[in-house]
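Shared chain: subunit A. Partners: subunit B in the first complex, subunit C in the second.
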Partner chain A sequence: MGRPSAFAQYKTLLAKDLRQEFRTREMLTSMGIYALLVIIVYGAALALTARGIDIANMGGGLLWVLIVFTSLLGLGRSFAHEKEQACMDGIMLVPLDRSVIFLAKATANILFMLAVEVITVPLFYFFFMSGQPVAATFFWVVAPLLVGTIGMAGIGTMLSTITMNTRSRDVMLAILFIPLIYPLLYACVTATTAAIAGTEFWTDFFVMPLVLACGYDVVMLLVCWVLYDFVVSA
Partner chain B sequence: MNAIEAHNLSKAFGTRKALDGVSFELPEGAFLSIFGPNGAGKTTLLRVLSTLARPTAGSASICGIDLKESPNEVRGLIGMISHASMLYPDLTAEENLVLYAELYGVADPQARARELLEAVGLSHRRIDQVRTFSRGMTQRVSIARALVHDPRVMFLDEPYSGLDPHAVDIFDDLIASVRGDRTFVMVSHDLAKGFALCTHALVLARGRVVTFAKKEDLDFEDFAQLYRDTVGMGVS
Partner chain C sequence: MVEKKVRIPEAGQWPDKLALPALAAGAVLTTVGFLMAFLFAAPVNGAALDTPELVNGVMVTHQQLISQKIFYFHMPVAIVSFVMLIFSAYYGIRFLTTREQRFDTCSRVAMELTLLFVIFTMVTGDLWTRFEWGVWWTWEPRLTTYLILMLIVIAYFVMRNSIDDPERRATYASVISLIAFVDVPICFMITRLIPSSVHPVIAREGGMTPDMAATVLVVMIGMMLVAFGLYRLRFREARLAERLQALKDQLED
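Here is the complex of A and B:
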């Protein structure tokens, strides 16, 4: 019996997370419904004042508020299955690098968050921006959405592991998550707004924040990957 | 060769010492029962020996392999059954076993899963989700999970917790059938059962070894009295 490669173990763990989610739809359903509710609240909040608001310049911020809080809900649930019946201990007893657990869980979280975004971003556009002319640069929003989602899922996976066994883990996760993703969030909101508004100098407000967001992703994911062994063992 | 060697193992959580200089040597093929009051450090000792927790001080080895130096090698040699099944409730019994078999690198995970489900008498429920199983059935799948990679040392952490008497009998039969030349370490509150099964007994209190001896050197009544005295010590 030879030890399987890290990639084979990664695929096995990822397949397990996907199979569980497609069977229970716990995360996708709760995140999807929550996102829909936030859109409804936006609708109520902006209904009376919509005429006076330049929605194109607010769109990036509103969209990221939606994504951040929806992600928090999902990330808080991402280790629920591992905690039940001490499954995390079962995985920890297997001879595998702890970073493989992190990568598999982070990948699953990225996929779940992207799946929710694929539904909610068009809905957001339909409800709030469909009456306005579309900037030619609009479809560039995909880039900051992707970069932001990857970073938030990675950092969120790490923090979700840390807070898994704490008493008020949902609150703890939010308290740690928001400050840590703040630079990423700021960069992604700037880039998203630039793409939606599509003003004359839009690349100035799009490229640099996106590069910074990518750099932040790389640094933070590397830190999480390296520290994960220490975090799960502590 | 000794299956387990522990030298001055200590584990502290903040200022509280859960284990305080635990030392013992257990030969291969032995069955060690660990007794002690709540909070004595029994589960912590098992978690340290199974690499789930790092010792604060001291050293230990499984089949001659150092826990700190080669934890992944040690993990390949051990299996663990606890009161929590370590099974994913939304996956089927077979999916759970295939998952662990793939992670351990078992040659034919599907075949191994079916072989083990047959051995624990649950092949007819292999495609049912574990969530639908009774506590006794879940524990039988848990035994299969722990054996999926054919470990040489088995750790049992209060495995009878929550089992009805019939399920306890089935569990005992299964453990006896898979015993072979494996080494077993069991944490139990059931003094009579633990003593009946063991070849060696260890009593822990306040993280320290009160007694470690071969069963043949112990008289059950004296041992029971010692245990009662130990429980009377309570925890710090």
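Here is the complex of A and C:
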């Protein structure tokens, strides 16, 4: 019997992560509740000013703060059980290309983050933006959300593998994660804000940041993909 | 296949002989550059003012012309910080390909100097921000990307301190130095991609006058020499400490 193809290995690893999540619902519940709590904190922070300011201009930024902190929580957990039950050692015994592990883990993280976003974005709209007419371009926020999520999950998978073996791993993850996703975050917030505001020349602030974000995604994912072998074998 | 012998850097090799002369020459050149900035290089656009005046449609004061001298140190120091980060990433690659701890020491020392020069850049830049724009900080693209670079370099050292196993620490540190390296072209290109008035792309705006260019060049060479001298001295110190530790461990066994 020949060895299974890289794609088959990828599917198996991804299915393992998804099955574990469906059985424990550990990450999705904690991320979802955490996102709701951040929204409630926003409620307190904006309690007096929300009516006075134009929320459409701030919505993009607030939404991304929510996504960054929620995904930080999820990414920190993504290798925790692998470490606790020494599953990682088991995976490392299998003769497979290490970058397959990266791709499978990153895909799982993308899916979890997207699942949380599907819940939190409507919630965010419900709590803060329902008093205003929606711009016709609002649905274009899907593009920066997708690009941003892919990049953040890729970088985050790499970093959570690194921080899995450090002391005080959650703090380390935050310290490394936030500076490294910053360019991506900046571009995505700009594009999201442009789409939410939907003013006459919104594409000027939408297309270019989105292209830059895609470029950063590609560069970072390639770098992480190449370097993952070293990180996971160390 | 012939096994290629890897040359491993060690304290006491020939570059060490150059370290102190380089440091001295760097100090002299930087001092000369400092004097040139004030005595030789003309004020920007050749303006010499006693009262506020319009220069190229911008109101310029005497104070502004003096603070413009910061440029002669700000830019060379920033370039040196990029160069040191490139060295750190280079030694990171060398470590990952050879698994030789020595390259990790090189990478770490280069990163320490990156942090030093990044702090110099931040201090000179902040003086400029305060006197030119009247604020301590502004979220301008290059300032932001450079701040991010500084945070990544700091995170690099925080991460090093939280891992005990030397092999694993070296691998992770090399990987982070390579990822940090991705920020260099971003930081460098950002003023070209997102034009902002505050960080000029000098080549696009007509270049420097010969006296300005000469001053920048003198300071830049001086700073490079200082960086090289500090790098070798620090590397020697780190290596001697490592060897001492190894001897101590041997004695204990």
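Keep in mind that, in the parts below, the second predicted complex is superposed on the first by the 234 of 234 C-alpha atoms of A that agree within 3 Å, B and C clash if a C-alpha of one lies under 4 Å from a C-alpha of the other, contacts with A are read in each partner's own complex, and residues count from 1 in each chain.
Everything that follows uses one rule, which is that a residue touches a chain if its C-beta (ideal position, glycine included) is under 8 Å from a C-beta of that chain, and two chains touch if they have at least 3 such contacts.
Just so we're clear, the structure is a prediction, and the values are computed from it rather than from any experiment.
By the document's definition of touching, of the two partners only subunit C reaches A:Arg167; subunit B does not. In the superposition on chain A, contact is made by A:Pro4 with subunit B only, not with subunit C. Using the contact criterion defined above for the overlaid structures, shared-chain residue A:Tyr182 touches subunit C, although it does not reach subunit B.
In the superposition on chain A, A:Gln20 makes contact with subunit B only, not with subunit C. When both complexes are overlaid on chain A, the residue A:Gly90 reaches subunit B alone and has no touch with subunit C. Comparing the two complexes, no residue of subunit A contacts subunit B in one case and subunit C in the other. Note for the complex: subunit C touches subunit A at residues 96, 144-145, 148, 151-152, 155, 158-159, 162-163, 165, 167-168, 171-172, 174-176, 178-179, 182-183, 186, 193. Residues of subunit A touching subunit C in their complex: 158, 162-163, 165-168, 172, 175-176, 178-180, 182-183, 186, 212, 216, 219-220, 223-224, 227, 230-231, 234.
Residues 50-54, 71-73, 75-76, 78-80, 82, 84-91, 95, 99-100, 102-107, 145, 149-150 of subunit B are the ones that touch subunit A when the two sit in their complex. Contacts from subunit A toward subunit B in the complex involve residues 1-4, 8-9, 12-13, 16, 19-20, 23-24, 81, 84-87, 89-97, 233.
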